[in-house]
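Note that the chains take the letters A, B, C, D and E in the order they are written out, and that residue 1 is the start of every chain.
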Amino acid sequence: MIRINITKQLRLAHENTQLSIGTTIPSNTITAIYGPSGAGKTTLLKILAGLVQPEQGAVEVNGRIWLDTARRVCLPPQQRSIGFVFQEYALFPHMTVQQNLQFAAGKNGDKSYIDKLLHLVKMEAFIHAKPSQLSGGQQQRIALIRALVRKPQLLLLDEPLSALDDAMRHELRTELYHIQQQLQITTLLVSHDISEVYTLASNLIHLEHGKVVFQGEPQQLFGAASLSSTLQLTGEVLQVIPDGAIYTVEVLTGKNIIRVTAGEHDIAKLQTGDKVCLFVKAYTIALKKMNG
Amino acid sequence: MIRINITKQLRLAHENTQLSIGTTIPSNTITAIYGPSGAGKTTLLKILAGLVQPEQGAVEVNGRIWLDTARRVCLPPQQRSIGFVFQEYALFPHMTVQQNLQFAAGKNGDKSYIDKLLHLVKMEAFIHAKPSQLSGGQQQRIALIRALVRKPQLLLLDEPLSALDDAMRHELRTELYHIQQQLQITTLLVSHDISEVYTLASNLIHLEHGKVVFQGEPQQLFGAASLSSTLQLTGEVLQVIPDGAIYTVEVLTGKNIIRVTAGEHDIAKLQTGDKVCLFVKAYTIALKKMNG
Amino acid sequence: MSIDWQPFLLTLQLALATTLILFVIGIPLAAFLAFTRFRFKAIPEAIIGLPLVLPPSVLGFYLLLLLSPASVFGHWLDTWFNVRLLFTFWGLVAGSVIYSLPFMVQPVQAGLQSLPLSLRHASYTLGKSRWQTFIHVLLPNIKPSLITGIVLSFAHTIGEFGLVLMIGGNLPGKTQTASIAIYDEVESLNYATAHVYAAILLLFSFAILLLVYSIRKKLQGSITGL
Amino acid sequence: MSIDWQPFLLTLQLALATTLILFVIGIPLAAFLAFTRFRFKAIPEAIIGLPLVLPPSVLGFYLLLLLSPASVFGHWLDTWFNVRLLFTFWGLVAGSVIYSLPFMVQPVQAGLQSLPLSLRHASYTLGKSRWQTFIHVLLPNIKPSLITGIVLSFAHTIGEFGLVLMIGGNLPGKTQTASIAIYDEVESLNYATAHVYAAILLLFSFAILLLVYSIRKKLQGSITGL
Amino acid sequence: QPLHIAVAANAQFVAAKLKDAFTKETGITAKLIISSSGKLTAQIKQGAPFNVFLSADMKYPQELYSKGLTTARPQVYAYGALVLWTLKNIDLNKGLSILLDNNVQKIAVANPKLAPYGEAAIQALTKQHLLPSLQQKIVYGENIAQVNQYVLSGAADVAFTAKSVVLDSAVSGKGKWIEVNQNWHSSIAQGAVVIKQSNAAQMRAANQFYQFLFSKKAKDILEKYGYR
């Protein structure tokens, strides 16, 4: 259990706002941190890591005090047993991929574990490359496994999969889930990707303007349409195509494009980019696994 | 029209592979570049910008030769009238947001245009902040408008919206579309986000291992389920919940979670993360605009 | 004891002129060395460091030979430009510039080499020339190195005397700097005067260095006019 | 003319010893100045630059006063540690270290100040102490600045003679460095010998500098053992 | 423009007095440029704007004369005297052999290669067969001035210096000194020359100073400083 109770001045839009967070985070599970750009997500992770000091507050992790401004306690990052994936990766530019990982592992590092992680992210072929020779996504993958190498007790992931393509992202998401399950690492995951949050996290903190506006199960926030007579899908209008008196509206929902026929009234003020809700009266739904 | 015909050695996984691209890109529209991490997307943009030289090849833009290794022609980046959003943003750390934009605009820059762009990305309040004081998403937004400030003829966007939250991303996607329409800038957009590709691009280049594996309309690649008696949705399994003899499968499609009841046979080998296809027999679909 | 302020004034002028000139010629040189793809750039780099390894008065001796009206170069300077550098203030400046060149070039070069490539790339794509990029993007990002170059050049010029004594000729009011004046006093066993002069020079230099370091942030902003 | 190689050997030893010591004490000092939050750090920064502004032989004169057995400090050194620095090789080393300190400290400090904070942060989160971070992450990333510090210190020690002459006593084989030998030849109008000696020193230094710059990449890798 | 008189370091004390006396007598202002004989010689060869050169020995002015830079052959304006000087409690009356005493750890001598007083000191020690046993105690100063600094700072226990130094007001009364027997070393002849310059007025003034140098008045001053 992590108890957080902190306030810190932030330079948010409009005026200087406070990051002021009081919450508890369950151990051994993944907690997602979600919220608009500039909400204070990265700052929160850095405070937990001991890289940024709040003006005031306390952080308690599994009964141990990591920070308590009142009592002038502040554990240095080194003593916090954390793994941190930085939004900007922060790989060491003078070290090769292998050196980055070995440095993280330390002298008694488990060589085979490093190899396993490298295999996981499909980067075995790049162990002798310097970070500057890697693509954005490759750097991010190395940053991810570098944070895992030490098997930390608290994993702080700042959009760890944002630069990856779909296939890689889905794969690593699954791997991350397994690793977390196996090692039971308490994990905080900053993510904009709802499906990522949904699949990985059992707990969600929604930050806005430095404040927690929601905490609970992801399902509660994003809502789940259950199989009922009416299936609700949310999507986004791609195009409104006039077709005589009626219109065909292309709606994107996830990766799917659905063409809906609509009357003049339905499409009033509808334009590309609008969020819409589709109500589908279904009588059967079948499910088939795709290859790939 | 941009004619590209280049080869360049890349250090791809497994062995040194070649980026070898021969293609034409239509003017005045958005062309998406899609492909796995390390495929060569960034490298392609950098070659078009003149920041990286291919071993061999030519680039011709609207009839003008930008690069021709055979004739030893290589226009410097300065003469190419481009706007580039770098994957790592590359803001100037010593300049404030305002100075970054003014520097990009040059002496005769249009002050009101800068203000308009700042308003677009909701960053007016941050004009006096240095990049190091901005969040990841805030930096990315500044990088985006810095590239637009000069109204370039060729816009090279390397995952320009990857660090943004959903709401902001959708909003900027629309704005980007409008700006492109208005100024008729030929745009290359590297993106992993299918809906981004789909909504913005009229042309798609799919790169893999340094080669073009597909070029055409995005629809062709991703496929469109049309309104028919059977609605096809693709999605991802979130969870398989046993429920006596039958199972409830939670499938995520876009932001929607659909619970499907399935028999033992249906769920054989199905596990979290699997991609599935849902066949929905629908008899009506209604459409409603959401507020927000 | 009446204090003669002239040597101090002269020293200040010399240090300022030298630092200014080094700033103007040292920085482009540093940029060239930092960015050139010249295969043998180790050669010019080593050459720039060479004046350092000669004792200042020996270097002064060779400069004396070089600049003498009897030499080819000195003669050419004299007949074509009507410039005589020996035993003049500008001769001292020329000598100090040569001697202190590595103090300006090397830190600045090191600073430039440490900058990420993306800064230059970003500037180029914004249509900025190499020169604009250098002035507005690169230099402002190596301010600590610029300050180092300036401080080392300035302080070193103040303290230099072997070279100055040799090619300047210790002419009061023309080429007798504070360092030579102090040296003279020590040599003539007027320790009390020497102490006072040394203390003045130290205090004066301390004040300048303190000023540079204290207002570093502001100064850094203004060096390149940003 | 028979060439006496001893002064050259001695110079090499002096320059190596001085550079090594400066490396060991200058780098932590640079780190302290780069990272301290001490409000008045401009003061120690200015003080480190001060030895530069005194003419070397005047600085030497004050060191002479300080180290003389007649002084409190010199006496204390003598009685407690049985160390006499005047007119010995290690005295020269001590003097050169003081004089060349800013050449090592300032470039390294500038290099450290230019590093992004994220490097330190990343290393801390990996459980690395400040010291490990410094050695394995920060130093390897300021290699151009380290090279600058080393080259300036080394070259400057080779060329220094005012100070060396003063506290060394020009003892052949003990404190007579190459720069003094050349100076002596110039002073006694033996220009031919001086030319030869100067040429040797230049060639020798040029070779070393060229070596440093040529194998910079490899050297940079090995300085910190990575 | 004042007269520029280039003076070797060891002659600087008396030169200041000579200059003052000269100015008082003729009204011509003069400035002293004090440096080592070697540097001054090199500079004069390259056209330094010096009018008169008072060297520490004959070698340097002779060199200038042979290059045709002087108006005439150098003349000896004074013979220097070598003294042994100490600030310590050392009984100098025992003569040079006191240097063997354990109390004497460092002996400062001007560089014999450059400075005539250094050369003379080494000659004297050789003649007294003291040199081999004293070799380890000797430290060399660049010139007389540096030797004086060694003594005054306590870095050296005794020094061979010029008599003009110990008689100057700057150090007079500090410590003890004895003169070294003139027969043990060759005479320290110090030469002066007038440097050829284009400025006629300065040439005239320079010649005036040169004449003054050999006048009775100058002789008195020189003698007061221990020169012969």
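Throughout what follows, a contact is a pair of C-beta atoms (placed from the backbone, for glycine too) under 8 Å apart; a residue touches a chain by one contact, two chains touch by 3 or more.
Chain by chain, the UniProt names read as follows: A, B = ATP-binding cassette domain-containing protein; C, D = Molybdenum transport system permease.
Note that the structure is predicted; figures quoted are calculated from it, not measured.
Common neighbours of chain C and chain E (chains touching each): D.
Relative to chain B, the chain whose mean Cα position lies farthest away is E. Centre-to-centre separation of chain A and chain D, using mean CA positions: 51 Å. Centroids built from CA atoms put chain B at 19 Å from chain A. Counting partner chains per residue, chain D has residues 61, 141, 186 touching two or more of them. The residues of chain E that reach two or more other chains are 39, 42, 146, 149, listed in rising order.
For chain A, the set of residues that touch two or more other chains comprises 88. Chain pairs recorded as touching, per the definition above, are A-B, A-D, B-C, C-D, C-E, D-E.
Listed in rising order, the residues of chain E touching chain D in the complex are 36-39, 41-42, 59-60, 63, 106, 108, 111, 113-114, 138-142, 146, 149-150, 153-155.
For chain E in complex with chain C, the touching residues are 4, 9, 12-13, 31, 33-35, 39, 42-43, 45-50, 145-146, 148-149, 152, 165, 168, 170-171. Residues of chain D that touch chain A in their complex: 118-119, 121-129, 136-137, 140-141, 143, 226. Residues of chain D that touch chain E in their complex: 61, 64-65, 67-71, 74, 86-87, 165-166, 169-171, 184, 186-189. Per the touch definition, chain B reaches chain A in the complex via residues 11-15, 34-38, 41-43, 87-88, 122-126, 129, 133-138, 140-141, 158-159, 162-171, 173-174, 177, 192, 194-195, 198-199, 219, 222, 224-227, 231-236, 238, 249-262, 266, 269-270, 272-290, 292.
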